[in-house]
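Every chain is named by a letter (A, B, C, D and E) in the order it is written, and numbering of its residues begins at 1.
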Amino acid sequence: MSTRPALSQLGLSAGKKARLYRILHEHGVRNGTAIFLPYDHGLEHGPRDFCGYPGSGDPRHVLRLAVEGGFNGIAVQIGLARKFYWEYAGEVPLVLKLNGRTDIPAPADPVSPVTATVEEAVRLGADAVGYTLYVGTPGQERDFAQYLRVRQDAERLGMPLIVWAYPRGAAVEARGGRDSLYAVDYAARAASELGADMIKVNFPRPGQQEGVPEAYRREISPQEAITAVARSAGRSLLLVSGGGRAGDAAMLEKAAHSMEAGATGFIFGRNVFQRGQSESLRLVTQLKEILAKYPSGAA
Amino acid sequence: MSTRPALSQLGLSAGKKARLYRILHEHGVRNGTAIFLPYDHGLEHGPRDFCGYPGSGDPRHVLRLAVEGGFNGIAVQIGLARKFYWEYAGEVPLVLKLNGRTDIPAPADPVSPVTATVEEAVRLGADAVGYTLYVGTPGQERDFAQYLRVRQDAERLGMPLIVWAYPRGAAVEARGGRDSLYAVDYAARAASELGADMIKVNFPRPGQQEGVPEAYRREISPQEAITAVARSAGRSLLLVSGGGRAGDAAMLEKAAHSMEAGATGFIFGRNVFQRGQSESLRLVTQLKEILAKYPSGAA
Amino acid sequence: MSTRPALSQLGLSAGKKARLYRILHEHGVRNGTAIFLPYDHGLEHGPRDFCGYPGSGDPRHVLRLAVEGGFNGIAVQIGLARKFYWEYAGEVPLVLKLNGRTDIPAPADPVSPVTATVEEAVRLGADAVGYTLYVGTPGQERDFAQYLRVRQDAERLGMPLIVWAYPRGAAVEARGGRDSLYAVDYAARAASELGADMIKVNFPRPGQQEGVPEAYRREISPQEAITAVARSAGRSLLLVSGGGRAGDAAMLEKAAHSMEAGATGFIFGRNVFQRGQSESLRLVTQLKEILAKYPSGAA
Amino acid sequence: MSTRPALSQLGLSAGKKARLYRILHEHGVRNGTAIFLPYDHGLEHGPRDFCGYPGSGDPRHVLRLAVEGGFNGIAVQIGLARKFYWEYAGEVPLVLKLNGRTDIPAPADPVSPVTATVEEAVRLGADAVGYTLYVGTPGQERDFAQYLRVRQDAERLGMPLIVWAYPRGAAVEARGGRDSLYAVDYAARAASELGADMIKVNFPRPGQQEGVPEAYRREISPQEAITAVARSAGRSLLLVSGGGRAGDAAMLEKAAHSMEAGATGFIFGRNVFQRGQSESLRLVTQLKEILAKYPSGAA
Amino acid sequence: MSTRPALSQLGLSAGKKARLYRILHEHGVRNGTAIFLPYDHGLEHGPRDFCGYPGSGDPRHVLRLAVEGGFNGIAVQIGLARKFYWEYAGEVPLVLKLNGRTDIPAPADPVSPVTATVEEAVRLGADAVGYTLYVGTPGQERDFAQYLRVRQDAERLGMPLIVWAYPRGAAVEARGGRDSLYAVDYAARAASELGADMIKVNFPRPGQQEGVPEAYRREISPQEAITAVARSAGRSLLLVSGGGRAGDAAMLEKAAHSMEAGATGFIFGRNVFQRGQSESLRLVTQLKEILAKYPSGAA
């Protein structure tokens, strides 16, 4: 059963509320739910993610897909925002990713360095900003330090802050891995305690139990798992990620579980742009049918 | 014939364009036109403007009118924005008025002092800011000084700037008065030269010719007059004010002339809230019928 | 009928709400109403206000009166706050007055200069700050400029802002005078539009109609008058001033009218400290009996 | 025998005194003692601390427990403060934790990174801030650097500073461990020397003597141990932590020892929320009965 | 009877208390009283004040007099402080005057412009700073503005602030004049409300009653008058000025009245340096005999 909080219950400033209202009630299904299109793979993974998927490497193509597919927002890095978003400014909400990194060096203590500021997001007309927070790595101290500034700027400017809450690092791998329920649950809670307005997580795999704390070592269904995560997110709205390209049936099932758990919606990248245009739109339609079943109370 | 410029022709930053797109294409008639509801009379004139019009003094009532009437924006001072807008945040675009004054002292060199900042407008989720610029008074130097700061902040934060371009002062009264075509035309052009994104003017009275320069001393029709003003506004979008409560037929005629001249729309306060709710909505409907005939090209 | 808004409806930040909650629900009658003791007469009028009233000139005596009388707050200038409040810190809420002036020079364009800052109020543990805004004087431009800074600091630090809304100046005197309903009503609305959290006004005298606008030129009862003012204050809580020492019966009647109109309470100085201690406390008891009849909804 | 210093003896600024007075004399037992509810386990340990204890993961539930249980304050991270505290603003004092970390990476030189600022605490209406200082780790240099800033901001804004004084690191483990009297005593004194207004320590285990300096290698009773720690805290008020869930009788005995030693009170988290609501409230009642026996002198 | 407050009752920061302790308890009579030597006449009146008094124009001579006479402090402008005080640094406390003006232009709205800063006073090792505040002039707004900064710097740096509280201006002259009890009493209270640590006033002339408010129009003895002023100063320590050169007997009587009223001491310039050295020292001895009768309670 959905326990998704209404916007008016979240202690939001007028600016955060106005921008979230626009995202959640004036785009997409317009019922308080959302489906976002993240498109920062070119920095995070390199152009290899676009190989074999015609158009997927062209930001203009993907932006049009976001507009035509009626997405609630597209998340990009500052470069694409500046060079491509102006053309569609206002037609689809912009989520400016404020940090990012290439995946080539693989340090033991990764931090995703800041690539843009909240003020730039304001200047571009963005309706939210995104920050990747690595939970569980030795880089935590530097990560929290730069996150603090982003969070405060976002408060000051009334900008909703979406945290990509990513468990990472050797200690995480030793305790069930980044997709274990333990790790995802902890990441969601940490982001919530640190003031995220929305939290992006991967759908947890509760079966990954090797090395996890006692409390997570039992039979846990996917529905129970994502429900626990939504509860840990609390009044931070939950977005569930599609991760890598996956089978449609499994994906739709996870989507339904997520909404049933009280999630606000989805953030699907490769599952969307690594398809032909019509196939993408068909998937989006299916996802929206799920979202339509979970309207928020009036904001 | 409409010569209204498309958003893409205005040299706007992405942020200004995104916010104007939201105002002009996601609210009201959604065709690039606009009707705004200004509601700062409580400061500018005092509560006397509300006497005899039940509900008109209650900001919540007027905000609901703006939402239900499908206005493209409501313009208010910071106090009302902070205490009332949060409840409707995002449902109707907010235009934060950044200066204002009471009308009790009547100095020879009036300047409308700053009451809020562009950053506060951002924090509140506003889609535009408003500034009253008095054209023709001895206070010009102080006025331009504070306007400069507002304009620069608006550029930096991607916030559209609407200038209330008001001819004022003894010198203006000596040259045809504040509503003469000479004065309105000059005010529109001055605001355009000073970087307004939108300009609010009163509909000019070309018959007021006593003391005006040679060029304005001839037979000029209302249509010619407002067309001249729209031309002076250039790529600053033109909004025509309703002024005090007036006869409907005359008002609708002026509205039609304005749109024909290339205006973007109207900004009607007392003509709207000094009526019963249903009468207000009927007037808005009539105005929207006019707007619907003047769609912009694609933004 | 009381239409006083609940704290949760005011769009307050957590800090403003916490501090107002403390003032309104943890002191005095503890039902959302308030009686404040202002004590800045030594600066505003000079020690002559204390002559003949033993103890009234001693801040320690008056602070003890505020504590023992169970006031919701005492309003003083920075000097008294620094030298006397520490002894009673936390026992009665502190309202730090942030501007003030002596009454000796009587300029045509008075502005009450800033004497302390919001940050100092925070440092002293104050629960609110006070600012005297003169409505209707030619000094408006300078007044608004310094008020802007106070208001923004108060927002930033979560500090409730009480505006002493005082009509003043020759133009006001020419339109019914400072206590006319026109003037008081305008002052209340102006303070509300400019973002006051609470507004202190004098009880209006609706009979003073010489020179006032049309709308105020009719038979208006005291109850109607104060109800109009409360409506103009909107979501800014209304405090009614006792003014100079007056007859008790008349004063209690005005107090009852005020609460019936939706006021939050009273701010009574000379009427309190220009009495013997026991007589003061008896008056406070009578005022509290009135307040007790007008509880707020749950905050 | 209690040697707890009165507020007026602590050299506090008016703001710190006002806020501590509110905490110690207007909440809880109202006699100068305190029981705090810390609730940052979601960040420090992850949601596993909530597993099996229904409601314990829901900040709203725990806040209600703090209000209904009559706690003197609840300590949370910025995210929970922003999203949940506004609803109860002022009803229970807020202690904003200003740093925190997840427990997944276990570096040799841990520092708890800053997650919020004193100014944010002011903005939220907090009555105190909390900072975790690790005593004995190689990270000391970075820790002191960020602590310095927190302490100075707290002075400037009149905000009481509670230091979570935690002995940590290999060197500490080699000298009796984090709970040895040596370690706890040193941590209390270090926090006192560095300007803490209150200090949170774990109840020391004087029997852990392996590797401790000579002075601590003798028969020391629990009462003697906590008395020594209170003496080391000096004019920094002492709070004793409950640590992990423990047996009630032992816990109450430690509580009594603490108060006898001159402590100001307790800070109990898991012992409180890892119970059913009624069992929690019963424990709180028992603790308050102890506090009631140790009133402060008048503040 | 002396009601002079002890240092510990004044709500002083440690720095202000330490510096005042040095002034009041380690110099002069060392019993909490003081006699200051002001020496800024060269700026305020010009060298004419020194004519006919050999040595009086030589700062070195006067500084030596201050040291040898065992004064509690010497008040000078920045120029003399920089060029002469270093030689006697620490031997007599330095009071740096922070503003001053020549008496040649006589504007209707005088403000004494700032000539040095509190930070410079710290750099010079001063134990207090002095500021001349004109009470009652139309220049009040500018005066308060620059005073605010001085007061805040003095708070921040723990520097005692002595206010030369001078009634001035046409409105004052119309109400009994600058030495009337009304004017002096108001000035003392205003300085106290604005946060002076010490206040310098002229001994009032209660007989000057023309135009003063009702409360001051009665038979008032000199003792009653200065007692009223001391009461208005409250917890701001009172210094009584000698004014121009006067008869010794009258002066000593005023001094005795002042101490009896609760003053802290004297500030005597021309009465001291407009004499031969030995005569000066004899007068100082007489004044100290009076001071010796009025010890403070322990600080």
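Please note the rule applied: a residue touches a chain if its C-beta (ideal position, glycine included) is under 8 Å from a C-beta of that chain, and two chains touch if they have at least 3 such contacts.
Computed from a predicted model, the values in this text were never measured in an experiment.
Undergrad: So if I superpose chain A on chain C by CA, what angle comes out, to the nearest 5°?
TA: The C-alpha superposition of chain A onto chain C needs 180 degrees.
Undergrad: Could you let me know which interface, D-E or B-C, is made of more C-beta pairs in contact?
TA: So, comparing the two chain pairs, more contacts are at B-C.
Undergrad: If you average the Cα atoms of chain D and of chain E to get two centres, how far apart are those centres in Å?
TA: 48
Undergrad: In whole angstrom, what separates the CA-based centres of chain B and chain D?
TA: Result: the chain centres lie 56 Å from each other.
Undergrad: In whole angstrom, what separates the CA-based centres of chain A and chain B?
TA: Centre-to-centre distance between chain A and chain B: 39 Å.
Undergrad: Using Cα averages as centroids, what's the distance between chain A and chain D in whole Å?
TA: Centre separation, chain A to chain D: 35 Å.
Undergrad: Can you pull out the residues of chain A that are in contact with at least two other chains?
TA: As it turns out, chain A has residues touching two or more other chains at 11, 13-14.
Undergrad: For chain E, which residues are in contact with chain D within the complex?
TA: Interface residues on the chain E side: 11, 13-14.
Undergrad: Could you please specify the touching residues of chain D with respect to chain A in the complex?
TA: 40, 42-43, 46-48, 51-52, 57-59, 76-80, 82-87, 100-102, 104-107, 111, 113-117, 120, 142
Undergrad: Please output the residues of chain A touching chain D within their complex, sorted ascending.
TA: 10-11, 135-138, 140-141, 144-145, 148, 151-152, 155, 167, 169, 171-172, 175, 182, 185-186, 189-196, 213-216, 228, 231-232, 234-236
Undergrad: Which residues of chain C touch chain D in their complex?
TA: Per the touch definition, chain C meets chain D at residues 13-22, 25-26, 81-82, 85-87, 89-91, 94, 119, 122-125, 156-158, 299.
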